[in-house]
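Presented sequentially are two complexes of chain A, the first with chain B as partner and the second with chain C.
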Partner chain A sequence: MLRVEHLEAGYGDVPVLKDISLNVAASETVAIIGPNGAGKSTLVAALCGLVQPRAGRILHREAEVTRMPAHQRARRGLGVVLEGRHLFGELTLRQNLTLAAAHARADAGAKPKIEDAIAEVLELFPFMRERLNDAVELMSGGEQQMVALARALLLRPEVLMLDEPSTGLAPLVVKQIMSTIGVLRSRGMSIILVEQNVALAAEVADRAYVLSVGRVVHEVAKGEWPRFLADDSLVKAYLGG
Partner chain B sequence: MTGGLLLQSILTGLTNGFVYGLVGLGLAAIFRGTRIVNAMQGDFSLIGGIAAVLLLEKLQWPLAAAMAAAVLLGALAGWLVELILVRPLRKRGGTEDSYLLLTLGIAFAVSALVLYFVGRDSHALPGIGGEGIIVVGDAAIRVHSVWLIAIGLAVMLLLRLFFTRTTVGLSMMAAAIDAEGAATTGIDVALMRTLTFVLGGLVGALAGVLVGPLVTVHYEMGLLLTLKGFAAAILGGLSNPMGAIVGGITLGLVESIAIVTVSSGYKDVIAMTILIIIMIVMPQGLLGRKLRRGG
Partner chain C sequence: MTVKRAALIAIAVVLWACLPWLAPRYLIDLMVFAGIYTIAGLGVAFLLGQCGIVTLAQSVFYGIGAYSVAYFCAQKGLPSPVAVIAGVALSAVIATAVGWPVLRLSGYFLALATLALAIIGHVLFLEWDWLTGGTLGIGGIPHIDLFGLVLNSPQRYYLFVWPIAVALLWLHHNLVHSRNGLALRAMRDAPEAALVLAVDTHKLKVQMFVLSAMLGSLAGSLFAHYVTFVSVDSFAIDRAISFLLLAVLGGVYTVWGCVIGALFITIMPQWLSKLGDIHAFVFAAALIATVILLPEGFGGALQKWWRARATGRRTQS
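And then the complex of A and B:
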């Protein structure tokens, strides 16, 4: 579904990602874990087109998207919830959702009507029904995180990338978001979950890549989570736990 | 001051105010959409005004057709300015002051081009409704001014609907509020920035064909209008394009009342003094608001 080959990227003259290779199969949930500053958010930015790679390739469904502009990637099925959410704060919830629905991926059968698409996503987030006319900047952090998730879903992504969706939120909200990710996973969406909390990542992800200073330093294969979590020295070595 | 004189200065102030407001509206829309202070906004008006004059005088087009074509030419000018000059500068990492310098340069260039090709004469543009006048009590207002105010109001309302109800308008807002959020929502941010300039050119040229019949069109009108529009936009709250109309009306009224109560020589001094006082009391402008991010 998504393949990354020897990706290098950075800001200005500063290299951040040094040599990243990974792949995500259809219907798979893959976690990206690693300490602060490892380059996880930079990787997400490169995958969704906000940071231009210096070298390497990104392939989506075997087609190269390495230099494709961000808005085209969003429209072809690479959805993202960025760190910091990047919502349209002054606009209403309805306007935020409408914008995403209007730019949804069109190749998977007929595009549903905007109202129908929004109604469908509201089933996942019933609290939003009462808040459609509120400016999203007036919502709580947890609510905004769900708005960001709903907005990404309205693009009808094949691959959904989530950059630390649980950071800074109350445990109950985190639980809610993780269970929503579980629902999406069971629907067959491919998911890339960036998470600093390893235990949380282990709950929802099939596999994981461990990032450190811009490189993949370890892979947690399918079924290897218990061994990885049990081995304190591994976790400490990679995550500085 | 007699009631008739007061009423007259209110009518004049309203008319001028809508002109300043339209120029300010374009300035504020561009500032909001691109964070660029467009020092050539008044030159879109010059382009629109001079195009209408030439179409009328040289090609004998009917007034309505000449005005409509001139407004479209303004939109085209906005598109070209963004595509040929602003966008390349952005790709090279232009800063706020470099955009200001760039647009100021374009302003002088447009003015020089008009001087070279059209000359230094002032050109009168006929008003909508000719020289017709409506008498209101002891005062009078030109039919053209009534049209100007009506069109100004209509543009304000249409733009409001455009920015809140249409996908393109909302996308322009979204791209202005959060470019990265917009791009990852499938919005072509670069295209929205271009459209912002197209809109700025269109509104600017509209202001030009509407003000032409009141003050005549000449090669130096651009910078003067930019200054008045800038004051209107700041007064209304630079990040709220609708505020520019309110700011423009305030500026127009203060000016025209200053003329009759003090003296026309001091009108700019008095107007600017009052504006400064308003800005000290309301630093965000009359309708402004702090830009806030969700969080």
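And then the complex of A and C:
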């Protein structure tokens, strides 16, 4: 579904990602884990088109998207929830959702009506039904994170990237978000989960790539989570735990 | 719409329609200019308020609209609608050609790029005297003939210009509250999030820049038909600054703000001129005080007051 080959990217003259190669299959959940400053968020920014790579290739459904602008990647089905949520705070929840639904990917069969698409997403987040006319800036951090997730889902992505969705949230809210990710996974969506909390990532991800100083230093293969988590030396070496 | 609101609108319309017979001629003349500046300033306010773009290039498009009328009507004898449409179309083409590369910039760099465009435009208006008449200008521009009614007095032009301005304000209001308006506000408040929500922010910016330029051109055409003479002095940098000023003073987040801004920059200097030589200083002080005390402009302050009043009433009941 998504393949990255020898990707290099950074900001200005500062290189951040060095020779990153990874792949995400259809219906697979892959975690990107690593300590602060490893380049996880830069990787997400490069994958969704907010940072232009200096070298390497990004392929979505075997078509190269490396130089494609961010809005076109979103239309192709690469959805993202950025770290820090980036909501349109002045707009109401309904307006946030409407804006996303209006730009939904059109090449996945008949595009549902905006109202129908919003109703579908509200099934996942029932609390939103009562808050549709509230300004998003007045919501709690957890609610805002769910709005960001709902907005990304309204684009009907094939691959959903989540950049640190649990940061700064109460354990109960984190549980709700992880449970939603579980639902999406069961529906066959490919998910890239960037997460600092390794135990949390292990709960939902099939596999993981460990990033350190801009490089993939380890790969946790399918079924290897228990061995990885049990090996303190591995966790300490890669994640500084 | 409530009865009270409908009554207020009806009273405003009656007052507006009676003004030419109640107010002195010089005031109606100023009101005509305020109407024309409202249209040009609307484009600037829209770009600043909805897209976060500071433009100083509006004087160029204002000039294109005016010279289009001067060239096609006064020199070629073509009817006014042809000249106005030609000016608007030319402005749209130039705004697209310039906006596409320039609008990739942001912040101060973008403002400087539009300032450069204003300077280049002014130099070209001056140098291309075969087309613009240079410093001598072009005279003999006919008044608009509206089905046999020649708009050759401030009173008639006032009754012609303001409905156009109000119609454009209404269209602007509708655009802000449309789905495209949501995308604009999203782009202004969180540009990266708008991009990853599949909003083509660059294209949207260019489209809005073109729309703003078309408004500038229309205002320039109306100006040329009113004063019947155009010269390069009317399209210098100070004109671009005054359009930006009226947008900021009026308040860029409210649709009606630029009406207040246009009235302020048109009428206030005239009233203050009674003070003699000191009037320019007093006007400058008034501008600074307004910007400091009302950072959201007159329109923003009025809206805040109105909302607070409405909230207070709801709380009481």
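Heads up, the rule we're going with is that the second predicted complex is superposed on the first by the 241 of 241 C-alpha atoms of A that agree within 3 Å, B and C clash if a C-alpha of one lies under 4 Å from a C-alpha of the other, contacts with A are read in each partner's own complex, and residues count from 1 in each chain.
To be clear about the criterion, contacts are C-beta pairs under 8 Å (C-beta built on N, C-alpha and C of every residue); 3 or more make two chains touch, one makes a residue touch a chain.
For clarity, every value in this text was computed on a predicted model and none was experimentally measured.
K.L.:
For the overlay on chain A, clash or fit between chain B and chain C?
P.N.:
Pair status: clash.
K.L.:
For A:216, using the defined touch cut-off, is the partner it touches chain B, chain C, both, or neither? Pick first, second, both or neither.
P.N.:
The answer is neither, since A:216 touches no partner chain.
K.L.:
First (chain B), second (chain C), both or neither: which does A:89 touch?
P.N.:
Both partners, chain B and chain C.
K.L.:
Contacts for A:141 in the overlay, against chain B (first) and chain C (second): which applies, first, second, both or neither?
P.N.:
first
K.L.:
Does the superposition put A:38 against chain B (first), chain C (second), both, or neither?
P.N.:
In the superposition, A:38 contacts neither chain B nor chain C.
K.L.:
After overlaying the two complexes on chain A, where does the chain B footprint on chain A coincide with the chain C footprint?
P.N.:
48-50, 69-71, 74-75, 79-80, 82, 86-91, 95, 98-100, 102-103, 151-152, 155
K.L.:
Given the complex with chain A, which residues does chain C contribute to the contact?
P.N.:
Residue list for chain C touching chain A: 179, 182-183, 185-186, 189-190, 192-201.
K.L.:
In the complex of these two chains, what residues of chain A are touching chain C?
P.N.:
48-50, 69-72, 74-75, 79-80, 82, 86-91, 95, 98-100, 102-103, 105, 151-152, 155
K.L.:
Write out the stretch or stretches of chain B touching chain A in their complex.
P.N.:
Listed in rising order, the residues of chain B that touch chain A are 164, 167, 170-171, 173-174, 177-178, 180-190, 292-295.
K.L.:
Where on chain A is chain B touching in the complex?
P.N.:
48-50, 69-71, 74-75, 79-80, 82, 84-91, 95, 98-100, 102-104, 136-137, 139, 141, 144, 151-152, 155
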